[in-house]
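By letter and in written order, the chains are A, B and C; residue numbering begins at 1 in each of them.
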Amino acid sequence: MSTTLAELAQRLGATLVGEGSCEVVGVRPLDQAEPEHLSFLHNPRYVAQAISSRAGAILVEDPDLLPGRTLLVTPQPYLAMARALEILHPRPRPEPGVHPSAVVAADVELGEGVAIGPHVSIGVGTRVGPRTVIGAGCVIGARVEVGSDTELHPRVVVEDSCRIGCRCVLQPGVVIGGDGFGFATVDGVHHKVPQVGIVVVEDDVELGANVCVDRATLGVTRIGRGAKVDNLVQIAHNVEVGEGSILVAQVGIAGSTRLGRFVMMGGQAGAAGHLTLGDGVLVDAKAAVYKSFAAGTRVGGIPAREHREWLRDSANLRRLESLRQRLKSLENEVETIRRGREGVRGEGEG
Amino acid sequence: MSTTLAELAQRLGATLVGEGSCEVVGVRPLDQAEPEHLSFLHNPRYVAQAISSRAGAILVEDPDLLPGRTLLVTPQPYLAMARALEILHPRPRPEPGVHPSAVVAADVELGEGVAIGPHVSIGVGTRVGPRTVIGAGCVIGARVEVGSDTELHPRVVVEDSCRIGCRCVLQPGVVIGGDGFGFATVDGVHHKVPQVGIVVVEDDVELGANVCVDRATLGVTRIGRGAKVDNLVQIAHNVEVGEGSILVAQVGIAGSTRLGRFVMMGGQAGAAGHLTLGDGVLVDAKAAVYKSFAAGTRVGGIPAREHREWLRDSANLRRLESLRQRLKSLENEVETIRRGREGVRGEGEG
Amino acid sequence: MSTTLAELAQRLGATLVGEGSCEVVGVRPLDQAEPEHLSFLHNPRYVAQAISSRAGAILVEDPDLLPGRTLLVTPQPYLAMARALEILHPRPRPEPGVHPSAVVAADVELGEGVAIGPHVSIGVGTRVGPRTVIGAGCVIGARVEVGSDTELHPRVVVEDSCRIGCRCVLQPGVVIGGDGFGFATVDGVHHKVPQVGIVVVEDDVELGANVCVDRATLGVTRIGRGAKVDNLVQIAHNVEVGEGSILVAQVGIAGSTRLGRFVMMGGQAGAAGHLTLGDGVLVDAKAAVYKSFAAGTRVGGIPAREHREWLRDSANLRRLESLRQRLKSLENEVETIRRGREGVRGEGEG
């Protein structure tokens, strides 16, 4: 795919500074770009790199940073870069149609332009919205609903009765609707509690490779609109992840915990069950959340506490060595004083 | 599915208090139940919610808590609720038979009532017990044994020679019998140590989505009878998980570690290799177990230590700030005393 | 498989001590071996066990440790054991050929002796090297390159344009080339940044079950030659894992982080993005790496610091209780001194 810089500027809604007739064939980082590439500057730290870059043109917010260069000026260079990638490196879309090796129940409703890959199976009563792509080896259960313009990468499982929204992306190996982990233990026997609820993945959600979202015991496990979930994340039964939340890789959220809107959890963080994290709560990587936190709190540590407190505790832990030494010299000094005082007493008494 | 309350009471072995002729169509939590639903009270915290619930009937241990309500009285309301879910929300069972797209070796022995889904493959010499269900896209190797009444959800892998018991449930994406992680490193080259052992999953085990259980180097990696394992858990080669143990999501257990009976490990906890955790050991979520612990111990923290010790250390860490301040004022006071003493000395000398 | 001890000695390049005519049918640990088995002693701790073992022969470095026993003497008993496993417990190799249920694009190039299992799909323009095995249910995208003598266990996904080297082993459920986790967030909307780079897995790499390696945003995510990666590990976009590195189960590495050669990360450890870990860095299990470390450093803890420092901090944390008590008695003593001094002063003033 290639385009002129002028045409690209127009499609990105950017202002062209310099000659617009040259061809652009792709996007590259500043240090790897050649004259036929577009690059981008969205962090002032990289101005020097931008100045010395061989890129044919650079996406930038402030043109004064790069005088004399061919520029595409835009208030959001990173977003424009994302759009330029779509234009210059389009991902080939599979042809619509159902691969002959797919096993699709007779009553399945497929929207216009749907593409179903090899070795897919789809159960009875399922509906798939227009232009949705279902990759090779996916297993879609019965009575599932998948919206329009959604992409299921290969080997995704969506079990019975779960619902996936529009414009979602499910990376390979995602499992939607496995049973929640619930047992009634009586006399040392763990009796399975049937998990009869469902999973609802709202519109514009992305779920990373091998992510697991369990079906609710009763009711719904919900991933809110626009949430983005990285690889190998575990979401237990009856969890609610709020709109626009971000869960980085290997996060785990235990049963019935509710995340508000735009919650952010760093990699390998975990949250216990039956908690509430308010809107915009920010959980540091690796943290272990054992209690609820109000909207806007930043928390970290094991167990998780307010970020400032955690930083203080960590700093104090590092200072313990000097604390011990100060205590030791104080003990010595007090011992000296005690002995001296006995001397003074002696003198006073003499 | 619907039934009268009287019939349900009889099937659950519960005592009916109130009118038994009304129809019940499902189970719902106290706050979402309508008159056609059964609900349950198994935690006294929710008595007020039970009193105001619109549920047609409530499973409860002590009828005096809910005077005037229609009740199903039973010593184990939570267990009865699990059974009511089975009765009122039965999971449809696939029809017995082998899907024509499945690839099943000629000598495979399938018990009566077995259901094999689309795109399954089963290797030579494998045996599958009566009424077992093998979901779409599962890959079963050669010489595997799967017991009766077991359910493999879609896309499970069981590699050659491994054994799965009766009444097991394997959620989607489980991998049984991948190679253990073993290398002989000589002069900077990691030579693979062939992993020629197997995995044995005993009866009544449940394994969560995308769980990995590696085959032993030599001998057996074993998941004991009745153990329950949540999603994304890692069980390394030659590990033994004792009967009735519970491993919550994202737990990892390194090679050759042995867990006794009814061990419980919280989410994201890990155990190093070649350890022994005695019967009933309870490992807190997120803990890192680096040494063996005797039966009945509760441990937590990184590195894991006895729970009481860990709580004390954590509390002390939080108290460090006040400790520092106390040390500071003591230093000041000692300084004052020292100066004063010099004054006293001076006076004494005068 | 069985062989005489003399023949086995020759194939392993070991020196036979004792009678070479007996048949050996397999390898067993010292405590489980019978006269028809070979065993091995590679850790002096187990000399007593070796002496009492019933093994027909023992691989050992120093024959003087086991006088009177039939031995295979070799400088690397553990490596020789690995080779003996290959000889005595060979894994049956599938017959070359393409299973009729596989869906292979017309222009795919398959090397001599390639074996493609049931329900595999392979996209256009892909090339697979000689003798490579692609297990049941694997999904290989378009324009992928897989080297020779590589084994893909069942249900591996390799997405478009990624490259896998020679003599690699990918365990079941591995996902290569899912999208990196990248979004441009503007006004509360997370816009997807297309991930147009690839993954390169170099020669002799092993990847464990359900491992995820994301494709780069631009450029390459790279797993260096001879690296070994355990189950459920997450490797984000643009990461570089150096030659011979070892990542134990459930490790997570965030975007653009570079690991040098022979880096070792213990189980459940994590590294933040945009860091550099020098050659031979050793990260303890469960650690959280938030900054770069120079070659040869051993680090541990959350946040990770030099190992010695972490041990000291942990020890200090355990000593806090005694520290508190020392501070308390010092406070009492100073109080006594203060009161006494007031007495002395009174006396001095009198």
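What we mean here is this: contacts are C-beta pairs under 8 Å (C-beta built on N, C-alpha and C of every residue); 3 or more make two chains touch, one makes a residue touch a chain.
Keep in mind the model is a prediction, meaning the values are calculated, not measured.
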item	value
Given chain B and chain C, the chains that contact each of them	A
Copy pair chain A, chain B: interface residue numbering same or different (half cut)	different
Centroid distance [mean C-alpha coordinates] between chain B and chain A, Å	25
Contacts with two or more other chains, residues of chain A listed in rising order	101, 119, 137, 155, 173, 210, 232, 250, 268, 302, 317, 320, 323, 327, 330, 334, 337, 341, 344, 348
Complex contacts: residues of chain A adjacent to chain C	27-29, 32, 76, 78-79, 81-82, 85-86, 89, 91-92, 99, 101, 117-119, 135-137, 153-155, 169, 171-173, 206, 208-210, 226, 228, 230-232, 244, 246, 248-250, 262, 267-268, 285-286, 302, 314, 317-318, 320-321, 323-324, 327, 330-331, 334, 337-338, 341, 344-345, 348
Residue numbers on chain B that touch chain C, as the complex places them	101, 103, 119, 121, 137, 139, 142, 155, 157, 159-160, 173, 175, 178-179, 181, 183-184, 186, 188-194, 196, 210, 212, 214, 218-219, 232, 234, 236, 250, 252, 254, 268, 270, 272, 288, 302-303, 312-313, 316-317, 319-320, 323, 326-327, 330, 333-334, 337, 340-341, 344, 347-348
